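Shared between the two complexes below is chain A, which has chain B as its partner in the first and chain C in the second.
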Partner chain A sequence: MSAGFHIVVCGSLVPDPLQTLEPIRGPQGPGLKNEMMLPAILDPWAGHALFEAANLAASGGKVWLLSMGPKAKLQQVMMSVAQKAPFELVVLDGPAGGFTDAHFTARALAEAIEGIAGLDRSRLLLFGGWQSASRGAGSTLQMVGERLGVLDQFQGVDEIRVQDDGAFVVKERVEGGGYLVSRCAGPPAVLGWATGNLPEPPNNPQLGMANMRLIMPALQRAEPVPAEPGGLSFASVELPKARRETRLVKDLPPAEVAADILAWIKS
Partner chain B sequence: MEKVLFLAHNEEGGGLSRACLEALSAARDLAQGLGAELAVGLFGGEVSGAAEAIGGCGAACFLAAAGPVFASSRYASDAAACEALCRASGAGLVVAAADSRLSRVLPGVAQRLGGRIDTHLTGLWVKDGSPAAARWFYRQRMVAEFTRSERPWLMSVESGCFEAFDGPGAVEPEPVAVDLSEACKRTEVLGLETPSADEQTIRPDAELLFVAGAGWTKKQADGRTHVKEAEGLILDFLNRTKASLGSSKSLVDISGEGHEVISYLTHLHQVGQTGATPRHPKGLAACCHGEEPHVVGWRFIGERRAINLDAGCGWAQGKADVLYVADAFEVLARLNELLARA
Partner chain C sequence: MYTLPTLPGDDVRQIMWRFAERFELQMVVQSARAVARGTVAKLVAEGVRNSHEWNDKKASLLTAFDHSGLSALFMDPAQGGFIEGPKNLALALVAFELAWVDGGSATCSLAGNLALAPIHEKGTPEQRDHYMSRCVPPQPGEDREMLRGAFALTEPLPYVGVDTGVLAGKVRVAEWTPGQEPLLKVEKRGRFITNMDFCNFATVAVDTADERIKTSCMVIVEQGDPGVFDRGAPTLKMVHQLSSTRDPVFNLTVPAGRIIGGYTVQDGVIVPNYSHAEIIGAVFHRTRIPVGLMTTAKLLSAVEPIIRYHRNRFRGGDAAQPGSPRFEQGLQQKEDALHRLLDLWAMGEAGASLGFTAARLADEFDPLEREKDRIFEERGVSGPRRQMAALAEVRDKVLEYARLMSCSEAGRDRARLAELESDPLVRYAHLDAVLNVLIPACKLWNTGAGATMMREAVSLVGGYGITEDCPGFFMHKWTDAQLEATYEGPEAVQRMHLSVTMTSEIFLEQFRLWAEGLEALAGSGFQGGALVLARAMRLWGLTMDHLQRAKDAEGKKLYHRKRQGVTFAMADAVCWLVSARLLIMDVLELAAKGPANPVVADSLEGILGFYTDLCQVQAARAAGEAGRICAELVYGYGDGTGLEEFAGLRARLDAALAGSRLAKDRAGQALAGVMIPEALDYPL
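This part shows the complex of A and B:
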């Protein structure tokens, strides 16, 4: 029955984890030094959500990728994302940084979903990462879901199994390496993905070209999302200072290293 | 005057988890600092044991949304229960643990209440008569202090940041009615899948985190790999020490690439930038390499030691207290012998 799903994947860009990040204070609040220059990638957990969505929709259905971020940077990131999975892009030209209030982001995303032409909300699966690699709050998807009146929500999802009757079984991460297993009667539902089960698909240049034909106009159409003054105010943003003095222990026989470690474990 | 609600759910056995007891300390300190009234809101299958476990916390009222329909962790019923408790309390500040059950539901509840939410707080205090909080951004790369004017303000606190509250007392919570429509019952919780005791290698309450890196699967001095040996050594060590197991991204990714792998490792073990950032008093890493961005996996580990053949190991230099330049296979084998004798 996955033939019927209309899957909207919410995912934006984050700085490449290999980059050094430094906070700065700007007129609108905190941000990152050289934020516009930093190489960006698709938010990793949202990326897993996209791959899972494409896999589900492979036998029918449709995938939209909904991204709010600075247009120019989204265009760069889409060059590679477009080669991974078939989707239609919906763009909001707005902030993607970690210090943006999730409440603001959720409102913008929910309004954008309400405006997607051809989206059947009764068949909606709202996907995304269970946390972003920027804000790391794990709150945006739930709020989008609430705004759209979706009452079946799952977070930390590693697996969805669709059954013949259209219901699906979901596995969510819980404490201690366990899973909570639930059965949902069918869409609409919200699924915040963790790593899932699928490897990152290899680049497919042909798919990339096909996707880009729709991606470029979507980027051109993107409306700027006006900033919303909120009551959140930052007193400070700092990098952790503590650099440890690492004591190097060399040329010690393994048995002595083992004894040293054991004494430490027991201390 | 501000009012602070501590929101929690009971554990399977009836009491409250350590994470919830820690969140209660955060809520109490906040209420005290603000001169505010404290309320307790409990939801779950059967909450009397949980209420009694914290009956001495000094709350002005104890509210409960309890019954079989709230026994399992389902978004729609949990959201309805939390919403009802928040509304009944009239609190402008709501503090709860950032565990999986509450993390799933609190943002949606904030949305329903027309409030705001900040999650995974690592600090909460009173500054100039208002609440102020701290949390990490960019996957534990930088820490911010902030405040908010909006109410209700919902907050979830990370475990390991506050002392667990200890103060039982007899109380009888006041029941709060929850309107649960049929639409809230479309999801049925089938149960928990937990690793069996001898497969359990993620132990959040362990004293020690052992972090394994991809080096365990690389060619060793004899030009060959020794993955099965590594698998045995690590499992033996974990069983003897009851340490929790973490892994670098590279090592768990190998499992998905069809190479010989450490069989009990899954993505749930991954620590770091795109993995978990567990909290343990001590951490021992072996065969890990990586620069600052990836080492955030042990940001919240107290004392840290590492074993690596390379003295320049980026996982350890400047981040660990001790780096043993040694062969991890040999060291772990000796360590297991010593543990067997101890």
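This part shows the complex of A and C:
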């Protein structure tokens, strides 16, 4: 039955987490120091969603990756992401930092989805990250679903199993390390993914070359998303209280890692 | 004063190395990087290099190469690859990415291509189709064994090298039934043969030991052929341990159809279409570029770990409290630490500029060479001597072409340039002259001078540098560089090659035009050392002219192939000069294209400021090296008289160093403020 799904994955870029991320206040509001120059990656949460989508669509169906971000940065990120799964890219040339307005983003994404040619909304699965590595508002995907009238929504998803009758079973993370298992009669639905169960696929340049035939034109024709007049503004932004300290430790047993983390939490 | 915001990222590199418009290459880079900083780095960190034997862990590299598309990179799409056209730049980028972490893994990746290169360059269409398509990993639904090759040229002492025309490996006729294809007996002992642990075929260089075979040739032998396919003992090398290297023994009977490039039978004698020397010449002409870039990658990969080490040097103890300069800046308070790192960085950049330019030009050269072959075949011009004579006929056109190319847009005769450009023989001869210097220069200088500079990198992190847990694997990289200086023709071979090619009339004229271009650039206000480099190039040209005319006290010519004290030194000097010039060219490209790139544009002023100063640092160093060499040769073999012109130019060269140390100070200041990632992106 998965042959029929039309899966739209919402996901954009975030700075490579190994980089030094130093918040600053710029003319356009808060941001990161040298943000444009920092290497970027696909938001890992969205990445899980994309890999799950590609897996689900492997026996049929189609995957779109809908990204809002600076298109020059998106192009760099696509050089890696395009090698990992077959998809068609839909680009919105707009902001992708940690200080964008979730309402503004959700509206832009929803409008873009409505404009995707060939998308059958009755077969739509809207995928995305449950959280984001940039700033986890945790609300954007829900709002996109609401705007599209998709009311079956699942968050913190780790697994989807499609049944013979077209229904699917979803496992959502809940408090205490447990799962809420739900049965949904069928699409349309929103699935905000946690980590899923799939590893990151290796790069496959052949696949990348096939994807890029559509990705490059999509990047070239991407229009800037107009800024929302009177949109979100930040009265103040504070540096994190706890400074990040990166330690590199080799060959530490898991038990010692756990003890170390526990000691840090207690401190 | 400018600020360098971050270390140069992919956007900057893609512009400088001219693949910003080639997304297939950008994807290959990402693919190779994922393997390098994932699989490869883990293997090195786990100590897998600490054995001569090939093992399962090392073999996981092959799987990673297969899965990431690197095994199929060398092939055309029709053979299962994914890049159309020449792949020199693609292979260079992959070697660079892999060697960023470990040179042996790059060798392992390249060695399969090297085995295929004789078939690719000179093989028959059937040989190409068969071997190249079967060296691609099986696709879903395909049930076949994947071929992996080894390139077997070098032999145990006293033969060993690639420069000798003498081979101990022999080929004889084993059986020749009239009307049937002859069977050949191939006997070869190899030394230092990469991929031997897992290859199932090898391309083997052998000389004729039978009057029924006219010349030496290269032959393909397979694991299942009748006879001995003994993989031999592991070579006890102490570097590049992630590549498989053994000393094999082959004693096999194969059909004559395995002679690479085919053969004809003339008067009862098998005449191979290509001798082993012709094939090797074609192969090494290109494959030396990635080897040169492997050492360059080590230098550039060392920059980030060294900065981090210097900044963190005093943190964690009582001697430096947070907020103090000692705590925040560490060793970067010291000018020496900054200046020495700049020297290393500048040399790495210049090596990359040289290597990637050579690779890019080799991509342009490949189709021209095929077109030249086609034209000569059509005209019945066969054999190297007749071809050289035919090319000599277009020499004047080539010189005119070079001069027109170097004119400004406004000043050139466009119609005439277009006319010359439309002649493939003109473009071939021009590019051939240039590449015949750039490629050996890349192999010689990037690895030789690079290995010495890698020692400096080890030194810059103190005792940490020689430990196994030094971030960036510096000790491995330093020692690996020594092998890279030897692979595919040691330094003496490259110097010998250069001592001939750098005296070609076309190259000398092009070199003069390059100097002229730099003078014009300096006149336009460019601050990146263009003037001092131009004067150094003029000095080199003047020295070459002098050496070719002058004789010593005994009346012997100074510039003579046996007088390597002269020729080899001039070869060393030319490498410094061309690499420094190409760095300037790449920075000019960044200046031209950077503003149109939204990622780079915001920070372009700072990036260009830094790179311009880096150019000046490297130009000053290159001019210093070249000036010293030229002075030693000109004064050292004479009595010091009649050299006023040389002395005057040398003095002007020295004067043009004005401001170069100030450029170093500025670059050092920028280096002290550059933002780097919190941690290295591959394991310790």
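The criterion applied here is as follows: the second predicted complex is superposed on the first by the 233 of 267 C-alpha atoms of A that agree within 3 Å, B and C clash if a C-alpha of one lies under 4 Å from a C-alpha of the other, contacts with A are read in each partner's own complex, and residues count from 1 in each chain.
Please note the rule applied: a residue touches a chain if its C-beta (ideal position, glycine included) is under 8 Å from a C-beta of that chain, and two chains touch if they have at least 3 such contacts.
The shown structure was predicted, so the numbers you read here are calculated from the model rather than taken from an experiment.
> With the two structures laid over each other on chain A, which partner does A:67 touch: chain B (first), chain C (second), both, or neither?
neither
> Pick one for A:216: touches chain B only (first), chain C only (second), both, or neither.
Only chain C is touched by A:216; chain B is not.
> So in the superposed three-chain picture, is A:19 touching just chain B, just chain C, both, or none of them (first/second/both/neither)?
After superposition on chain A, A:19 lies in contact with both partners, chain B and chain C.
> If we overlay the two complexes on their shared chain A, which of chain B and chain C does A:171 touch? Say first, second, both or neither.
First partner only.
> Could you figure out whether chain B or chain C reaches more residues of chain A?
Higher number of touched chain A residues: B.
> Using the touch definition from the top, say if A:180 reaches chain B (first), chain C (second), both or neither.
It touches chain B, and chain C stays clear.
> Return first, second, both or neither, reflecting whether A:105 touches chain B, chain C, both chains, or no partner chain.
In the superposition, A:105 contacts neither chain B nor chain C.
> For A:248, decide between first (touching chain B), second (touching chain C), both and neither.
Both partners.
> So chain A touches chain B in one structure and chain C in the other; where do those two contact lists coincide?
On chain A, the overlap between the chain B and chain C contacts is residues 18-20, 244, 246, 248, 250.
> Could you list, by residue number, the parts of chain A that touch chain C in their complex?
Per the stated touch rule, the residues are 16, 18-20, 22, 33-34, 36-39, 70, 72-73, 75-76, 79-80, 82-83, 202-206, 208-209, 212, 216, 244, 246, 248, 250.
> Can you list the chain A residues touching chain B in their complex?
Within the complex, chain A contacts chain B at residues 14-15, 17-21, 23, 30, 32, 44-45, 98-99, 101-103, 106, 133-143, 145-147, 151-156, 158, 169, 171-186, 194-195, 199, 230-240, 243-252, 254-255, 257-262, 264-265.
> Give the list of chain C residues in touch with chain A in this complex.
The contact residues of chain C facing chain A are 5-6, 9-11, 23-24, 26-31, 34, 45, 64, 67-69, 72-73, 82, 469, 471, 597-600, 602-603, 675-681, 683-684.
> In the complex, go through chain B and note every residue touching chain A.
73-76, 79, 99-101, 103-108, 110-112, 116-120, 127, 132, 136-150, 183-184, 186-195, 200-204, 207-208, 241, 256-257, 266-270, 273-274, 282, 284, 291-294, 299, 303-305, 307, 311, 316-327, 330-335, 337-339, 342
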